[in-house]
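Each of the next two complexes has subunit A plus one more chain, namely subunit B in the first and subunit C in the second.
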Partner chain A sequence: MPDVDTTPTTVDTPTSSLGRPLGLAATALCHTFVSRGEETVALDDVDLSVVQGGFVSIIGPSGCGKSTMLRIFADLLTPTAGAARVNGKNPHEARVGREFGMVFQSPNLLPWKSVLKNAMLPLQVMGVARPEREATARAMLDLVGLTGFESRYPAQLSGGMQQRVAIARALSMRPSVLFMDEPFGALDEITRDRLNLELMSIWRQLSPTVLFITHSIAEAVFLSTQVVVMSPRPGRITTTIDIDLPMPRTAETRDDPRYYELVSRVRHELTSVSGGPV
Partner chain B sequence: MTAATVAGPGVVEVTAGAPVPGVPSLAVRIARQVVVAVGLLAIAVALWEGIKLVTNTGDRTMPHLWDIVSYLGSKTSKKETYGPLLLKNMLVTARGALLGLASGTLLGIASGVLIARSKLIGNGLLPLIVAAQTVPIVAVSPALVLWLGTGWTTKVAIATYLTYFPVTVATARGMQAVPRDSLDLLHSYAASRWTVLTQVELPYALPLIMVGLETAAAFSVVGTIVGELPFGSKEGLGVMILTSWQFYTIQPRALYCVALGACVLGGSLVLGIRLLGFLLAGSRPQGEVL
Partner chain C sequence: MSAATVAAAPPAARRKVDLSRYLAPAVLFGLFVGAWEAWVSIGDVKQLLLPSPHAIVGQFFDDFSKLFEFARNTFMEAFKGVLVGSLGALVVAAVTYRVAWLARALQSYAATIKALPVVALYPICTVFFGITSKAVTAIVAIGVAPIVFAYAVRGFSGSSEQDELMRSISAGFGIRFRLLVLPRSVPYLMAAMKTAVPTSIIIAVIAQYFGGRVTTLGSYIRRESTNLHTLEMWSAILMSCLLGLACFGAVSLADRYLLRWRRP
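Moving on to the complex of A and B:
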């Protein structure tokens, strides 16, 4: 199994109160979109810290700024104020250092490339030699259960399988941080449950820091070490709920009474921020 | 091939390595196109002869198709057989058209990339290109002859000019259609602009560029012929057209032969582009280029 190097690359990596280094940190993060002279506050004074190897889900109604936050961490947006840190570095440095991988809601595969070539794409861009990138991509495809499908094309796969390729692709650059923006949002619930289980197994093996955005309460509780609830207009963090379910999370976790308690707690928090059932 | 099945709920079971159902092979797809093309040709022939019959048009205006074709075997005043002479001139025109198509394509792709990449350049350049496209090329071709002479440069310049526009627009449109997520993905790899262009943007634009190229291929033939029309040219389909114009009242079949030759040339170029598209799309599952 490939190891992920999680050793901090900078000396002054900030640490959590418990002394563990932080994978993600946001301090007083603000972001305002200006469209036709009208200002929309997407993020207002958001603080967040995720220890390395932590799995944090962000949940909240549409327009609460959860995607904005992810895009700031991924260096796709520059915050209006405040700072974001990925492994102690600013997002730009982290991106240039190829420290994070991304998984989108759409599988976002290149339709003219085979499954294997799609999975190799980041390594190809990084200039990794062909035998090495092929070996890594094959290992990651194996990890997501796609051995035997390497020469298929995306159009020949189901939605769930396409999303597995997208995950393998993100993993192939062996990132220490994974940004997942509603990766299972377009899948049916059965496929989603199954991929949740697989994601847990992958996370256990590679232990990346994960920032996971979702609309599903059950998914957030099942996957995360922490669930962050956000409220819209302006986007703020209202609560952070520690998910103390035992590890490893398996199919049995979903039968745990504690799981139901946490699900209903997150639901109540969400209902209060959005003023009604989500 | 190993047959792996992913069992489990919600996951479609797909056997790896099996041929993909519902996607015919390349040979079958090409054969189908050939059948359709032959069918359409037969319809065109029937229309020509049908219209001639119904409107009772005389042989001087509308010769029988077999008369036109048989003219290819007749001798010219210089004791040359008309068919080979036509073929020789077609090749001259083909050379100009191909050169113009190549340079117009390169310039067009480059401009399309610039237009798609830069709003400023795009917004400034596109209206200019559209405006330039409305200039009647026949009107300015004598001026071009004065600039560039009667040699092949003039022909190629005109063919380039006509080729450039469809390729530019197709490239720009195709690149603008690239999904935002794909660009974000490459951004997260810290990919260079060149990598983004070659790995994502141009492959995404390829099907549209091929459509633009088909239009351009036909234009390149027209452009070269127009370039051969002005006084001074020695060979090419344009020269043959000028000669046939002069003798039309005596021998109308010559002009139709040249027209047919131009059609065959244009059609061959378009077919060549299609074939290129097939080859480029060879690794794509559904031959998306077509």
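Moving on to the complex of A and C:
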């Protein structure tokens, strides 16, 4: 079994071929799950580079290892082999250093805490003084358009609003990297489109490196600077497509002929890896 | 992202109390008391055997200050038992819930104890503590601890994406327990209290019946029963029922307040 790189990292941020520092890097990443004595290769020899401030979406059929890769970067899983780097550090150091925020598929809010207290949670864990954490959380809630809802409980919010709180919570630590695991997957199309626009606005303002997992081709193309297509069993990266749509992305971007070309291209790539129409 | 700010939050709507749900039980209770009253007066049932409801209520008000003092003493013995039993159960649950096999084994014991007539162990408590308040408190603690433990382990061990969230923000065990595990188990703990608190009153009254301080409801019921003072006995039973109901009501109110975040 190949070695897993868990060594502490000195500050030696790797760079892309164009000399830009990398926010995320995976080298020969492998992960195998063992269940009832049977091995399943979830990731096989995956290399990935995301420049700092880049927005990369990973798309692929179910079981292609998208979430596994994200969870390795987020230090929620240890890879069987290979190395993952977050701002040049191994995932454990990055997690302990609170370099990244995470948005899950379900909003994952603590239902007994108000919207404000949910948004403050990471800062509370970090031991930030109450006035400071409250000010930061209020600013983040304002950023996601939830001013006026601070004292509500999650059960009193719609699904889209709950996911906004989750985004505000992830942003409250001012992370340089944001991991988003199908955050809008459970929302209706209209809400999803609106949140896509809002996410773009946040990304422009705060410029985090974003790793975004999705099943939606349109969403991936609209949001990203790069779309990574993965194939299943074993999970591998088959294509990386640069999305050269103009910035800032707005509702009009979806009417751009280039947008349709890119959607079509991603769809073709997915069709070829899935072995059928998508 | 003020681009698409969500419309300002409207004030929360005032909740209307649905009185109709209380109507059927009230009517049923009225019919029961009416039938009892009619049976006693029409059938000329002797007060020694079964007093009429109105006579019991009359005696209840005549003896109210005495009964109230006895109820307070009974409540304190039960309350101390709930406190000791619950704290003990919570500590054991907090220490063991992460060790699945140990928690499972203890849950089996808790289930077994719950099925036993715990009050039968009261004589053993009196061996250790004498016929005192402490013995009653001890038997109540023994009776409620398995109930609280079973609910607490279920509440503590609920695993979910929330645990991953806490890990992703590097929350240590202590903070995770305080901010996630403990609050997450509150619905379970309140369910435990809804069972444990009325149970504690029942155990306390029965234990006092078999021996305890004379100024408690259980002891008074035994005395009056032995002396064939049926009316006084019934008024003390009425006070015991009211005490149990008041305790259940208090726990229900606490439940509504602590779990207000569940209401949409």
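By our rule, the second predicted complex is superposed on the first by the 267 of 278 C-alpha atoms of A that agree within 3 Å, B and C clash if a C-alpha of one lies under 4 Å from a C-alpha of the other, contacts with A are read in each partner's own complex, and residues count from 1 in each chain.
One rule holds for everything that comes next: a residue touches a chain if its C-beta (ideal position, glycine included) is under 8 Å from a C-beta of that chain, and two chains touch if they have at least 3 such contacts.
No experiment lies behind these values; they were computed from the predicted model shown.
Placing subunit B and subunit C on a common subunit A by superposition gives a clash between them.
Look at A:33: by the touch rule set out above, it reaches neither subunit B nor subunit C.
Contacts of A:108 after superposition on the shared chain: both subunit B and subunit C are touched.
Of the two partner chains, subunit B is the only one that A:191 touches; subunit C does not reach it.
By the touch criterion defined above, A:98 lies against subunit B and subunit C together after alignment on the C-alpha atoms of chain A. Looking at the shared chain after the overlay, A:155 reaches both subunit B and subunit C.
The intersection of subunit A residues touching subunit B with those touching subunit C, taken from the two complexes, comprises 74-76, 95-96, 98, 100-102, 104, 106, 108, 110-112, 121-122, 124-126, 145-149, 152-153, 155-156, 161, 173, 194.
Every residue of subunit A that touches subunit C in the complex is listed here, in rising order: 74-76, 95-96, 98, 100-102, 104, 106, 108, 110-113, 121-122, 124-126, 142-149, 152-156, 161, 164, 173, 194, 197-198, 201-202, 205.
Subunit C contributes residues 1-6, 8-9, 12, 161-162, 164-171, 175, 179-180, 183-184, 186, 259-264 to its touches with subunit A in the complex. Listing the residues of subunit B that touch subunit A in their complex gives 2-4, 6, 8-12, 14, 16-17, 20, 179, 181-182, 184-191, 195, 199-200, 203, 281, 283-286, 288.
By the touch rule above, subunit A contacts subunit B in their complex via residues 74-76, 95-96, 98, 100-102, 104, 106, 108, 110-112, 114, 121-122, 124-126, 145-149, 151-153, 155-158, 160-161, 173, 179, 187-188, 190-194.
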